[in-house]
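Lettered A, B and C in written order, each chain numbered from 1.
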Amino acid sequence: MESKTFWECNKAYILTALGLVLVGFVFVKYLMIMDWGYLIQFTLHAMLGDTSGVMSAPTSELQQMMNAAFGPAYNTVAPEIIRASNERQEFIWYVFFAEILIFVLLYIKNGRVNPTITKPNDTVQVFTSFQRAVIWLNIGMISVLVLTGFNITWSLRSEGGDLPRLLREFHELTGLAWIGVWLIFTIIAAKDMKGWRSNSTFRHFLPGSYKPSKRVIWFFYAVMGAGLCFSGAMIITLHPSSLTHADVIQFRRVLLYLHFGASVLIMFFILDFVYASAISVKGYLKGLWTGTYPREYLEQVAPDVLEDLKKVGRA
Amino acid sequence: MANTLGYGGMTNHLGDMQNSKVILIMGANPAVNHPVGMQHILKGKENGAKIISIDPRYTKTSAHADLYARIRTGTDIAFLYGMIRYIVKNDLHDKQYLNDRVFDWESIVEEAEQYTPEVVANVCGCTAEKFLEVVKLFTANSPGCLIWNQGWTQHTIGTSNTRLGPIMQMFLGNIGKVGGGCNILRGHDNVQGASDMANLSENLPGYYPINEGSWKYYSGQWQVDYEWLQKRFKSKEMMEKKGFSLSTWPWGVIDEANATNNAGTPLKALICIGNGISTITMTHKTKEALDKLDLVVFIDPYVNDAAVITDRTDNMFLLPAASQVETSGSVAATNRSYQWRSRVVKPLYEAKEDHEILFEFAKRLGFYEEYTRSLKNGKPSYEWPEDATREYNRSIKTIGLQGVTPERMKRQQENWALFDPVTLKGSGVVEGEYYGLPWPCWSEKHPGTPIMYRTDISVMEGGMGFRAGWMDKGPDGKPVVVAEKNGQTLLAGNQPAGSRFKGGYLEITADNIESLGITLSAEEKEKVKGKNWKNDNTYILVNKALEAGLCPYGNGKARARVWEWTDQTPKHREPLHSFRQDLVAKYPTFEDKKDHYRANIRYASEQKKQKWVEDFPVNVVTGRIVEHMGTGTETRASKYLAELAGEMYAHIHPTLAKKMGIDDGDMIWVHGTGEGKIKVKARYSYSVAETDIFMPQNFSGLWSGKSLVDKYPKGTAPYALGENSNQITSYGYDINTSCPETKCTLARIEKA
Amino acid sequence: MSRMKFYCDDYRCVDCNGCVVACKEAHEIPVGVNRRRVITINEGIEGKQKSLSVACMHCSDAPCQKVCPTDCFYIRKDGIVLHDKEKCIGCGYCLYACPFGAPQFGHEGIFGVKGVMDKCTFCAGGPDETLSETEFEHYGQNRIAEGKIPMCASMCATKALIAGDAAEVDKIYEYRTAKRGENTSLKPYGWEAYNNGK
């Protein structure tokens, strides 16, 4: 282990960070019209508890009136919301196209792993029924959220009406319910953190230990999920009345932007899950449903999982 | 004010404030109580008027003022005297006007002498510089108009306030002037009409005093026997005695000692028609009285909150009355204008119009025929409300309602667009009339009097002098006492334009009319024999006087000194519960007054009882909020208004709050000097002084922390409930009118 | 072509909330939804207290229209911005995009699920049949079709709130400005007026 260089240890993290920085830079520099200086200031203020969006004391009565009546600094975040919501309608296809392209390239490069199973009856139970329930609930909910989310984004195509409105409400309700699933996933994502004792329940929540490339995906999934859960729940609950409008509108704008951003980014990791579970390895999806895998499958594809299961005496 | 100028009505009108060059608002908050009146003030401001707001609070009106001065509650007299002193010292007073039109104004100058700017500053709690700034701005612009409201009347010295205001205006010659005057902005539909029609216990309709002469006059007007009328009363003495007032009646129930003032018996029953009686000070005493009475009847479109406050379980009745949109008839605006109101919908459910309810009472009590006789006036039946209007046209001559006929009012209603909002002058079919025929409207040809006491126009155009009839206002025709001092008489030194008689003259009677250059035929003389302008049913005296350009009530002087009152000239007296204990010795209150509206009222003994401010260190200001009206019985039952102002609060200055460890939004207990206590939410506000808290008077339904919502009949509870601030307002009543002292109150507050 | 505009004169507004209640009564709007609201700053601070009544400004380049994913907004020839409640899915994007906080969402339903958007219609109803019951139910009165000015402005006690043809409103504004003299921006409203005003 000591012989590994820093690069080898953290390759996955560095590549992910670089990728995000590159994508982020292109977007921020060339596509977005957000006032980033303001947004950073705002975030700091919000962390300290001031979510009004007023960064400095108003210099004139008129500015004060605008702050009180309409909310501060309209030109910082709101135009970006308008731009983003419009461009999401038009251009989000290209993002997905790019993301799918990455996986197509991966597939071309790596092909599909096809473990040879000689003793199909020698199986090991990898996922408990609870774990399967969580995983499939997540798959179901995410599908609903993605579909109903796109229903909002692309309602220009549906032209609104009762059904899209119902779907939108379903998006909110499902989102709130998903918070529970997301919590479990956060635990899973953090299960091999150094802080946990080696025999703690957390560590064995899901068998196997992470490789950086896998961990980073779990990690981002949890983080983006946090963004979505937080912003979504806040948007639903922090509902402005006409009198509190000015105090919360800027915060809500930032939250909506967070929701937009997180939803685009999380799509990459969702696609990764789809790729990993359905395409990269044959038989994975089936095991996800039944909870059991042939011992040979694990020996070939996930020896770490088998190792873990042996430790707790389940294999 | 009636005792200074002759009439208690607002002298000018709303639109006229657009002609003012300076508007002084003291003890009033028109932006809240009279938003439509505020329109004219703001238009006046656009026309170049300076707005001055003097108030213990920085109100919504103050926000639109050019100059604001904060004074301590109940110190307006010191402020006004200071102004008068400044005016006289700087020779700014209109001497011609004062000599011609004001009796004994020198006594005011004498009294004003002590109020130097420093004294004013000390008493009022504003700086001397601020005071001088106000006076200079007010005197530098002319004409100036003065506005007040309950902030002046609801004091032990309320009547002194309302006398000194017009006196100060007269020093500047501002009364009887376009753009000048004293404008009392009543913030309630038909308040002026209510007092015109004698919804007061001290007079008969049209301000006829309650004495034998007036009763005889009215028995004639009502076409009933005087003897029959008298038999309705326990005795002749009680018939001619002022009744309990809205503020003193609880003492007639609770305090057995008052029985001697009330023919030997405490009050037994209360019938309350459309009055929020819980807006009177010391609501817990009202509750006590309500609990003790034998019978209580509330007649209201909504459940009167007093019915909820009381603990009584029996002999209380709620009779549903129709609301204003379900009725029709004349209503008087704040500026003495009468307007015709048409019914919008018929009364809903079992609600009845007020008069229907009263007629039903009369039927059951057995005097329906007598009650409606003058409505029929010889015809087989009567037509409501026209015949009621005609009845007052016939009988109320003192304030000149002869000309305010239903026909004229209806024609005006149909031709609103033809009136000029600033001058009130009509054109086209209503040419030669002022809008609303503001009283006095002496005859059906008279245009009404939008601006009172103007001598630059003739009587038939709405001109008049001051009233000459101070000591004898009865219709029994006794000659007016002419008081003399330093060779002055009560008769005016000038006259309205076009008057055939030069100089002042007494009120028109059959005896003096010919001495004023008017000749009557023998037949006419016979008809008016022994009559005067107030009781002459033939109108010969009035019409002849008008023809000669004379004012029926004479042409007298306003009086600066009311010689039959305790305070002949207005005097500053500290409130009973004074925030400035050190000033009490110098400005003590009145002696206790016995039989004041049938109750024995404490003044000096209450003030000296203890050093109130030591135990109750916070000065309380109460007032109205714009969303709610009165007790809020009606407005709190509106979901939209309840949404806007749904909870009771106390505005507290952050400095005071911090001292007491109270955070914005904390609940606090407020203890009044009279045992009451309420639990309200503290709201930080810079509008109040650091020593004060402000509470709205419009809430009810919570009682010392307990909800009374269960006591409402099912489905009638309003949307917004709150503590009644009058539970903690202090004891105290005006020395002349018994108006309750709601504006000077001390309290103790503590965090709940 | 005339353009309909609101103008609230902060020299005149006395924070009486008359416009708010007039609007809600006229259109029978549920509690919690305020098409119009009155904002007061510096309450109680001498010389600095100011009030303003605000509602939908009926922008010519309405951001709500730009952001709406269902494209339910439309701008009438007279400049009134209206929306189609049948199309609206209640996503709330217009609320984020609006500089004035005009779009309103009710609080009914479980989990605070928002209904469809409601906003000031300049008393001009909506896309439903003019003066029909459906129109009243969805959007309230259509006073413009009846030849009347919006309820809020007609009920304003001090005539601080003026509504109508922009040219007429501008005339009133100019008249008042001229009467008041200095210290008033020559242009009513708009950001420019705000920035140059004081």
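Points to keep in mind about this one:
Here, a residue touches a chain if its C-beta (ideal position, glycine included) is under 8 Å from a C-beta of that chain, and two chains touch if they have at least 3 such contacts.
Since the model is a prediction, treat every value here as computed from it, not as a measurement.
Note on connectivity: the fewest chain-to-chain touch steps from subunit A to subunit B number 2. In terms of Cα centroid distance from the overall Cα mean, chain C ranks first. Taking A-C and B-C together, the chain pair joined by more C-beta contacts is A-C. With centres set at the average Cα position, the gap from subunit A to subunit B is 70 Å. Taking each chain's centre as the average of its CA atoms, subunit B and subunit C sit 39 Å apart.
The set of subunit C residues touching two or more other chains comprises 32, 50.
On subunit A, the positions that touch subunit C within their shared complex are 60-66, 68-71, 74, 78, 81-82, 85-86, 89, 152-156, 158-161, 164-165, 167-169, 172-173, 176, 235-237, 239-243, 245-246, 249, 252-253, 256. Of all residues in subunit C, those touching subunit B in their complex are 11-12, 14-18, 20-21, 24-25, 31-32, 43-47, 49-51, 157-160, 176, 179-180. Subunit B makes touch with subunit C in their complex at residues 31-32, 35-36, 38-39, 42, 45-48, 57-58, 60-64, 68, 626-627, 638-641, 643-644, 651, 685-688. Touching subunit A in their complex are the following residues of subunit C: 10, 32-34, 37, 39-42, 48, 50, 52, 54, 63, 66-67, 69-72, 84, 86-93, 95-97, 99-101, 104-105, 107, 109-114, 116, 194-195, 197-198.
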